[in-house]
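Scrolling down, you'll hit the structures one after another.
Common to both upcoming complexes is chain A, partnered first by chain B, then by chain C.
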Partner chain A sequence: MNKTQKIESMMEVVRILAGLVIAYAIALAILFAISEDPIYIVQQFILGPFSSPRRIGTVINLAIPFTICGLSMCFMYAVNKFNLVGEGIFMLSACMVTWVSLLLGPGLPSVVMLPIMFIVAILTGIVVSFIPAIMDRKFNANVVVVSLMLNSVIQSLATWILRYQVRDSSISYLGSREIPESIQLPKILGSFRVQSGLIVAIICVIVVAILFYKTAFGWKMRLVGANPRFATAVGLSSISISFIAQLAGGAFAGIAGATEMMCNYTRFQWTVTTQHGFDGLLVAVLAKKNPVLVPIGALFLAYIRIGADVVNTSGDIPTEFVTVIQGIIILLVAAESFLSGTKNKLIFKAAEKEEKEKEAKAA
Partner chain B sequence: MAEVMRMQNITKIYPNGFVANKDITFAVGEHEIHALVGENGAGKTTLMKILFGMEAPQEGKIFINGKEEKIANPLDAIAKGVGMVHQHFMLVPSLTVAENVTLGAEPMKNGLFDFDGAVKATQEIADKYNFNVEALQKVRDLSVGQMQKVEILKALYKGARLLILDEPTAVLTPQETEELFEQLFKLRDSGVSIIFISHKLEEVMRICSKVTVLRHGRCMGSLDIEGLNEAAISKLMVGRDVVLKIDKEDPKPGKPVVEIKDLVKINSIGKNVLDGVDFTIHEGEVVGIAGVEGNGQTELSEVLAGLTGFTSGDVKLNGTSIKGKSVREIRDQGMAYIAEDRMVEGVAGDMSIKMNIVADRFTKPDFKKGLFMDAKKINDIADQYIKDFEILCDGREQPVRMLSGGNIQKVVVAREFTSGANFILACQPTRGIDVGTAEMIRKTIVRKSREEGTATLLISADLNEVLECSDRLLVMRKGKVVAAFPKANQVSEETLGEYMLGVKEMTQSEMEGLL
Partner chain C sequence: MTIDWIAFIAEGIRMATPLVFAALAALICNRAGMFNMGVEGMILCSALGAVIFAHYGGSVWIGLLGGIIIGLATGMFIAFASLTGKADLYLTCIAFNLMATGGTVFVMYLLTGEKSTTSGAFRSYQIPVVDIPIIKDIPVLGRIISGQSLITYIAAAAVFFMWFFLKRTRIGLRIRAVGENPKAAESVGISVNKIGYISFAICGVLAGLSGAFMSMSWVTFFMKNMVNGRGYIGLSAQNMAKGEPVGSALASLLFGFTDALATTLQNQTNFPVEFLEMLPYLATIFAIIITSIIAINKRRRIEQGAAK
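And then the complex of A and B:
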């Protein structure tokens, strides 16, 4: 590694740490102003998520959908198409899994049901993400706009299925009939009560990482994302590669929704989308579209979310305030050019020094 | 005749060490249309940017109406009576002519924009100089020629007494050009001095009274047009600083590899950017294309590389037409492409050297092991080429953007020279890189043609390169091949300049057998 590279990777770490420190400092300053017991609140926010095995488990459980959604967004982000339809797919996939499993009934064993459920989820994801992707490809329609509009369509579609196809009229709230036990996934790891979705998430990370870094398709996607005109000039079809990447991203959003449904719920009861798709984008940005870093980004996001919950239940700080702190942290961590001036100065100095050394040698 | 502007001993060196202007003295008199001519990269644009306050020179002084002035920025330049019409128009399409003209110096009434006042002022000034534009029209509804008039009005409205026109006729039809000239004469007679930047010598001869020639950042002289001819100007413009010799044997051309037949491409605004190009490249020869940039060379290379289609005619590569083929298919037919702008089409800067080197071939079965990429093979190839092409780097995983320009270009040629193609399309292969690398690339082009029988099309603005590397030499102008020479290294710079600048043109029968 040469000096420039060393400076770049060092500054990356410094940048993230500085972002965190500043964010917590701002939070602390505000807390001192508005809270009776600011130290306790900060302590709860930082350490609360680790205070019991149960809470650690909750962090991990929350990180599971974040991870899979983050992987989904890595595909979109890798080819520079901010297709946000993952948000809708997450909801619809859970809904479709519920519907299909109820249609199939409780008769079939898990080994048959589970693969069917994941196939349903993947197909849902592919079919839905096909819409903005094809509109982008054929009509040059902005994927961001189309996918956001599509999300509200999907939300209504899922609610329609809930109300008219799977609703359990014997319960007092709006919810589906209970899904067969054969697809209700168990909790694992004893007192941590972690969902078995963890296994799904780990498999997904490995699959996506291999896909990105070891297969021709992953290379194509990364080249197209890095410079589409170059990719075209060396004979890759930028348009179809980014199209397929969006479908693949949709498939993973589908897996995320299905996993969440089968691990966490016995009835489908969402009537609005769950923000998981957008959180996935956040995770992908934090991870710099590197699937290997996605779980870390997801755990970080889950950690501050749970920290917020802890503060909310144990202190005098409203949850909205914690959202503000989260926002600051994420902003500073994700802001790529934060401290870039310092970085450039360091690189410049190193180059200057090298020049002088060269001159000295020559003399 | 009084001087309205004098630039005295201007020297400008860019931070990367490129000397764009060296000790240039340039003066414009009253009632004068003064031509500023020179090849691409001769320093015209830099000199005008200095005058318009967009760049600061290291040395030299600027006098306006005999008084020494510091021009800090374009606003300052405008305040001092200098106006510039850029080649690419800087207009707001959704606003009216009047709003565009007055933008930045709007007439005000009661603290608000006085639209009627703007319309009146614009119409007045347009009528005064007989500019046929409607102040109330939206700019997006105007023709290119009218937009240019709006640009000129913009400068005049702000009180310009010295007008810089950067290649104003490049975008105009012949009729629009005539109209523009009439107006320029009127402006000149009413006391506005004009600096006219152009490649078109016949226009310079027609409308200008003086001409200043730049070459390689140096001033070759300011001369009166009277008594000059186009050939004399072209001789001053086109020339080599240092003559660079490349030793090579005579080519032994084999069977045709690329056959271009009556190729026509009409672009989106209806201009014939390629207008019946017709020539053949054989095995074992390097065909060079010289010409002032913007005469169809870029379009030709894009068509040959499969990046854009064409309107009519045909191109055959190794016997098969490339019409409607994808880049992948054309590359598989035997094409390799060194792109004009390496950062745009030559590399993906954020990706590793390794990925850039195998970017054109990793999808092939040889590079796969089952479902995955054959990492070992790819690493070996990357290491091999880094060694063979002497790419200075910290290993194959380093992102390409961290390399120097020359080393980036080595990554490009490492890929394109080793792709196994028998046709290399090399566009500006050594632009902006160090001498050593440039020499290596030129020698490799010649060696491949001699030893491996590669057919090469070399498109370059570097005279040394086209004259010394090429075997046959063609000159392109206005989308056509206007001259062909059997031996490139025997063509004199003067002759080449005359064809490049349109002083002379060969007939079809003269070029017979050389295409």
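And then the complex of A and C:
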């Protein structure tokens, strides 16, 4: 690694941290401006998520779907296709797991049921993400628009399944029948009450990290994303690589939805999509498409979300302000001009220094 | 089952109005070489802006102006992030739409204490309906053409203005030049960034009108996530028409009719609502496939012709 590359990768970290600090400062400023008891509220926002083992557990629990969705978006983002269908897959996968498990009934043991459920989730993900991916491949249709339209279709489809196939008419609200106990995953780690989905998330991170950095496909994928023309020039089919990457991304979004369903709920009851797909995009952007860093991004996002929840219950602040903060973070991290002056100055200085050293040596 | 076809057509035109504006807003950016998905969020912000301005200004016209101002402001925001900040336009727009979804609820809550709609707290204003003399007395045509919202007529005019603007004015030519080949345009002294900002400004005004229609004519209040993908549908409409204003308007009209069909069937049959709700989005997906196939076939024919 030469000096310029070193400075560039260092500035990348500085930029992300600076972006987070600025966005966090804006969040605090908003809280200060609108709450009646600003000091208490800000204190709650910062420290609230750590105030009890239970809450720390909640942060981790929230980070689990964010991590898996972040991994899913890493695939899409790595090949520069903003396929946002993960949002719909997350909902549909939870719905399909509910439906299939109810059809199979409570007779089968967990050892048989759980693999079936994950296969259902992965298949759902692959089948759904196949639609925008094949349209991108065959017809050169815009992946973003198609995936967003598809999300709306999926939302209606999942609601239809809920209303007409799995609905429990004995409860007062719209919800499915209870899923069999064999697929309700237990809580672990004692008083932290962490979901066993943590294990799924860790396995996923390891698998994706190996896939990205230790296999030929991962290398091809990263090359296609970084420089598609170069990839084509050296004989890679960038179209089919990005196609497969999108299917893989869909599969992980499916796993995320199923895990969330089996860990956190006993009944399927969503009638709108859950924003997890977009949260996954934020996490992938924060992690700079690096699967190893995804859990850190997910934990940060979960931390500010729980902070907002705490503030919402202890004060009169709506949780929606977090989405604004989330948008600002994406913008700051994505903006190439942000701190580019400083970066160029540093590179220039390093080059100047090197030049002087050379001159000194020559003399 | 009896359907009042005349009312259905009138409803289709009404539903197409926000889509036409959305399509034109996306079109002007597209012609300047920018794929602006942010239209969705811009319309949402303008819809809220219109309601707020109308309530505090006490007049529907102040509301309309407010919608346009907010549309303009959000357009400038995206332009700043992507042109000056050099952020990836896709990411910028996705981030912006996210902010718009949460931000509108946040602002609505601060002002009204409600999280789903402003209908209880804010006075509702409606943009006047125009009855055209003479035409309104013609039997069938009168019920379709006359009696629409003022903004619907503005939309029809905007389509022809857009055509004129792009084809017959100097700035329109420059926008097209930048869109076709930014490097070539730059080399003859056109500032690509300036043209980008101008396109986003026009886009903002159009998105503002679309938003004002949503919250002051389609319904007379703001509700959470009320745009519901219309920005994206408009975007696909202009994409299908390859950035031609009249074609984009016709495509928007088609989607407007799909929307009206869904509402009509919902009221008059007991077909599951969920499948009717899918209609506009499914129609968009199929329309994208069909236009792409046509485009591909056309290119193939040209290539074959060249080979001979």
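The rule is short, and it goes like this: the second predicted complex is superposed on the first by the 315 of 363 C-alpha atoms of A that agree within 3 Å, B and C clash if a C-alpha of one lies under 4 Å from a C-alpha of the other, contacts with A are read in each partner's own complex, and residues count from 1 in each chain.
One rule holds in what follows: a residue touches a chain if its C-beta (ideal position, glycine included) is under 8 Å from a C-beta of that chain, and two chains touch if they have at least 3 such contacts.
All of these numbers come straight from a predicted model, not from anything done at the bench.
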**OP:** Figure out whether A:A141 sits in contact with chain B (first) or chain C (second), or with both, or with neither.
**Re:** second
Original post:
Does the superposition put A:V234 against chain B (first), chain C (second), both, or neither?
Top reply: first
**OP:** Quick one: classify A:K220 as touching chain B (first), chain C (second), both or neither.
**Re:** first
Original post:
Taking the superposition as given, does A:I210 touch the first partner, chain B, the second, chain C, both, or neither?
Top reply: first
Original post:
Between chain B (first) and chain C (second), which does A:F32 come into contact with in this model arrangement: first, second, both, or neither?
Top reply: neither
**OP:** Between chain B and chain C, point out the one touching more chain A residues.
**Re:** C
**OP:** Find the residues of chain A that appear in the contact set with chain B and again in the contact set with chain C.
**Re:** none
Original post:
Residues of chain A touching chain C in their complex?
Top reply: 34, 82, 84, 131, 135, 139-142, 144-146, 148-150, 152-153, 156-157, 159-160, 163-164, 278, 281, 285, 318, 320-324, 326-328, 330-331, 334-338, 340
Subject >> Contacting residues of chain B [partner chain A, same complex] >> reply: 305, 307, 326-328, 330-332, 337, 339, 344-351, 355, 359-360, 362-363, 367-368, 371-373, 375, 394, 398, 402, 415
Original post:
Across the complex, what residues on chain A touch chain B?
Top reply: 1-2, 4-5, 210, 214-216, 219-220, 222-223, 226-227, 229-237
Original post:
Across the complex, what residues on chain C touch chain A?
Top reply: 35, 37, 81, 84-88, 90-92, 94-96, 98-99, 101-103, 105-106, 109-110, 115, 228-229, 232-233, 235-236, 239, 272, 274-275, 277-278, 281-282, 284-285, 288-289, 292-293, 296
